[in-house]
């Protein structure tokens, strides 16, 4: 806190020094260009913190359009110097030595990287940069030329949010409210319905862990929620039920990872999830030696989409088409319809998860993530998620991916090298029936 | 602490997983190359932390020669791909668009940057990378081709140790011993003679501040020592004297920065000093509103060297030559000799500090630093440092550089743009006499 | 956390050691007596922590009746030894020396004090003792003989919760949720309506401070809520309104203490409030130098009760009786009735607050508290609290007590020595009209 | 920190308020009496913190004689009221009810207890009270009447430093220097020879734990030093040797408690040691599961004194007298003399430790402490401490007391109830030879 107020203060002082030259925020748009150029000059060396803060403040007051203008400025005025780069490219072609390559690299790196680094010096600069990128992402679709700018943001943020700089922290009911409210805001898989629901998810038979970066102490980057139970969970509704009695965590044999959420849109594409799950497995393993099984209870977001997409496939059997039709009716309330659907859907889901690929990768994005981490497909659960979302996405099916510490590496290698998807006997046994009518 | 042991643990687990493929550290040299390549592959994604730890451990067991081999490996096998770079250089010359520039930049960046980023994921990785660069610096003289590797280390470390990621912390007698012992080890200006001397420097009328990086929590990057006094200090021996009574810091009017030391050789060339002094000024200003004057008590390391270098200059007067001879005798113990020397030396020193330049910069390195920060030359002190070092370097002279918050920016600009060195009337008045006999 | 689990562990170990002698919690009631006696013996020295934990656990499993039995046990078996006390009383009468007084005091102190001290050694012992007293208070009415036991609890808790052991802590949105939920639970003046309301009360123009005891780190003992505003607040509804814009706390001139709540029923009668307000005044004074006025916005809980009690007084005027009748009607919705009431009620309230006493003390309990602290009566506010409670208790009136740092001591002395109540001219001017019709 | 400065501030403010009545510290002696009486009055309620601070400051400026005067004041003016006490003593004799006992106890408690409680409210009050008692202890010998005052200090400090309020903390090289310097100052068994020696005692194969009280955060109350080794240590010199290689603590099987030191003279007689050792045993047991043996390496401070005291006993054999004479010569440098002494001394020491008692307790004070904790005598070590002190006190012998978690309770009970001293077979076997010549 001291440092924060102090930084504000010193930046304030710097700003006052600067105020002779400028006329406040009103003419920010005109000024931001010259401020950015100054930041890159010798002046920036001496007054970097104050000037960076100025830019961040002006940016903060910008309309959408002005923000877009700022990114265009980054593209137009802070790209590599064309003549110089041509010159060095030619020089390299003539003398492709390591030394010349170094020189070329130095000129090829866009000066906006330096600009972003300079902005990071502002009080709260890291947060400002992350939020700038969030804004930038919104412009990319309509302004694809800004991808060049985004590449530089991504490059720097990947470097700054390197795993070596992150800390794993347990989030509990003892955590500050200003962090806990972020869980409510960022939970992306199974929405948290207020502080009561949150509290249940932080009871003694639950765990929540997140990655934090020292420059964003109140902002989880990603967090995972875990339930400590006695066997593979097969229903998310039971897991989240307030009325279920608490378990004694010391007796738990199974840790179920039931939700993992990225928090910072500005860090999109910078992956933390695989690190997080493995570290939490290790952490729990140390704390609760009775835990033997580490698995997820995961959605299958692409299952029904895939079913539907197959409707028009000539090869499909009439039984399959019939099934699809049944699915569109209000089957969940009707026990016999549900019973009819159960077997075929479990079979088809096993097929979907283990056989269907695009670009040699599993079709289902969640599956891709966990199999890529070295996990295997352990169990498919009928009525695993009976919420509206569960019905719509996956006809209530959910799946447990198993993280077996002894096999993760081998499975990861097999998956990467040969595309092999490991699944349990139980799941395998679901496969054959499906082939007859798919 | 928890995280640290946990990281060790998970990395240990990973290592055990890996152990099937390798035969321990003995054949490290052979292995490190393949480990590094694996780290860059998809395998690295899944086992990055464990593999990075392996590389760091193997490196730690290396002889000097093997370390050199490792840096050559970085140069030979992790430089940009020659063919691809030529191809893209050509492409850029043909189509010097922003898009092509992006592509070129991506290939021009040496893959060893990615390797260093991967190593940073190891437990203690940041510290390991900083120490690798320290080793690398030792090889550069004899192996100048490794400068290309050093450029990449420097590039990344500059980005990671960006001001925005550092925290300013006060170091006091309440600080952990494991940090305090670093002050004793790293103090570079006026050696700390054990824990008693250290304690005196942390009493209530002294302050010590350092910059820290979250990934190196026990390692100051740079620290500055400050005395809170009643007037410009003119003698370092009095300042460091154990027997001087403590001042009440609340009555102090003057803060004297009497020592600033960089701590991490591996961060050589990455400048923190100018940020540090200004932040400490702001910090003290807030804490102790009675402080009016912020100044240094600085050595003049190049003064006698410069005097000597002028001995053979034809233009010098006989008086000057005489003076030089007197200087070589044991004058300090003899009041009349000292008295003879005082006036001329003060004059010459004013000349040296304000007029003598190389490449349009002040000759004296300490002067260069403070003037570059926007400080001015306030006072030159006779018998300021009567230690052996003070005698040898500067004939006992020391100088106070003044940090006047209201003038720092203007002076910095004048210095940068026109080379103007600001000094007090008192120092100016010393100048004229010198001209007559120099 | 480490220590906590460790203490649990060591106490567990101790319990296992003990288990040879006992048969678990079932026969707790029989056992607790012998356990308590053992605790006082030499055995307690060696196994104190474990035995204390045992008692606390058994107590925790008790029914109301068994708890009552436990306090009777404390009375019957842990009171001073009658014979010995008689003997020493006689001895003292014969030789009333300081030495004999010491001996007498040692025997006169009930052994249950030692028992309570021993229980405090259990993990969580302080909390257990505080909660025991809470239970005990519930029994006193029907079992007045237990007052002797309560005196010993009170004596020890007063000593343990001595101001010197308490820490003042700011409670903010950065505080742990497990503390914040206590605010919601314990707020006694203006109920907090959930986490949204709580968050508003912790915004930047609000402050909340509490006293904590190191042995109860998650439990505020008392807390006060403050609003930072521009002038004396005259309406609690405006103060608590979510839709009011935030003020910049650095511009605030006035700090309004609008709620103060004791949290621990088990500490009833141990007063922290006067310390708390003064310390918070000092804290705010240091943090926000622009604050000039420190005052409360306080309820007047006894005002209407007092009005009603005066109904049957022969001396009262017909106008007064009429007014009372008007008060019982639904006047608040009817502007002209309200207008009629305003003047007389303000006058009567000034009379009530400044003149009405019992046992030479102000009749109103809140007034007693603040005047006893040295505050003065500054302003009476019409429609200050238009909630149901405000209407019922004080016909919507609220009062500002002023804490003027320069006058607190003098006013406190005058109040204590001569019963003088200080009030502002404005309040004084309200007084005279009332006399004509009361 | 904030609170500390704030408390200083509020107390300062209070003092200024008071300054109208008094004339500074010069006439402190006269004032302290009236200040103390005021503190007990209603005035104390409002201004307690400030007035307590005043008393503490005045006391701090006192000469020895004035301090003595202050304690006499406590005796003379803050003892129970003689008349009232007589009255209540008589009343109790006439009606020895529980109620009357309560009344009597309230009057029998010396008012100085309240005074001490009030002083505790001063900033740093707890520390001040502890130091007052330290001073008081120095006066007791010559002023035995002050024992009545000391009883009240002891009574309160015992209550305040109740085990339930203490925290066990590991002290390491990461601890603040201001705590570590206390270890050097307070180590009472094997002096720490500067920071280098201290650092060795905090290496990874060593542990140090202390009890702390929240009101004295920088002051250990007691600390214990532990070595993690492979077998019972038999020589303190080897244990403390800088040149011995570090052990891997994870492989250690044996924890040797080689030093335990009380730190606060003002807490003399308030015992923490037995709690500390048992808690550290539990702590280590959890952290390092390979540890099987917990034992001390202890001095035998009374051994040679006891030998000498037996010189004049008529019953002693000539061989014993001869042995004593040999002991007085410079035997340690002469192998054959040493060899002659070894057997008889080990025997006599076994006799001393296991048979010699006074008041049914072991003669040796260290033995008394550990046996009272439930430990047993495991091994007597020849040349265990060859320092000057070791030679003089115990002819180089040291002893290992064993803390066997499974037996502590039984041994403690046997020791307390029947005086039984448990020792190993090895020690028993040393006993018989001694009987022949003692």
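Per-chain residue numbering starts at 1, and chain names A, B, C and D are given in the order in which the chains are listed.
Here is the rule we go by: a contact is a pair of C-beta atoms (placed from the backbone, for glycine too) under 8 Å apart; a residue touches a chain by one contact, two chains touch by 3 or more.
None of the values given here were measured: they were computed from a predicted structure.
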| item | value |
| --- | --- |
| Per Cα centroids, the chain farthest from chain A | D |
| Rounded Å distance, chain B centre to chain D centre (Cα mean) | 49 |
| Euclidean distance of C-alpha centroids - chain C vs chain D, Å | 38 |
| Cα-centroid distance, chain A relative to chain D, in whole angstrom | 57 |
| Chains grouped in pairs wherever the two touch, ordered by label | A-B, A-C, B-D, C-D |
| Chain C to chain A touching residues, read off their complex | 173-178, 180, 194-195, 199, 218 |
| Touching residues on chain A, where the partner in the complex is chain B | 3, 6-7, 9-10, 13-14, 17-18, 42-43, 45-49, 75, 79-80, 82, 85-86, 89-90, 92-93, 96, 98-99, 101-102, 104-106, 108-110, 117, 120-122, 125-126, 145, 147-148, 151, 156, 158-160, 162-165, 167-168, 214-215, 274-275, 278-279, 282-283, 286, 372-374, 405, 408-409, 412-413, 416 |
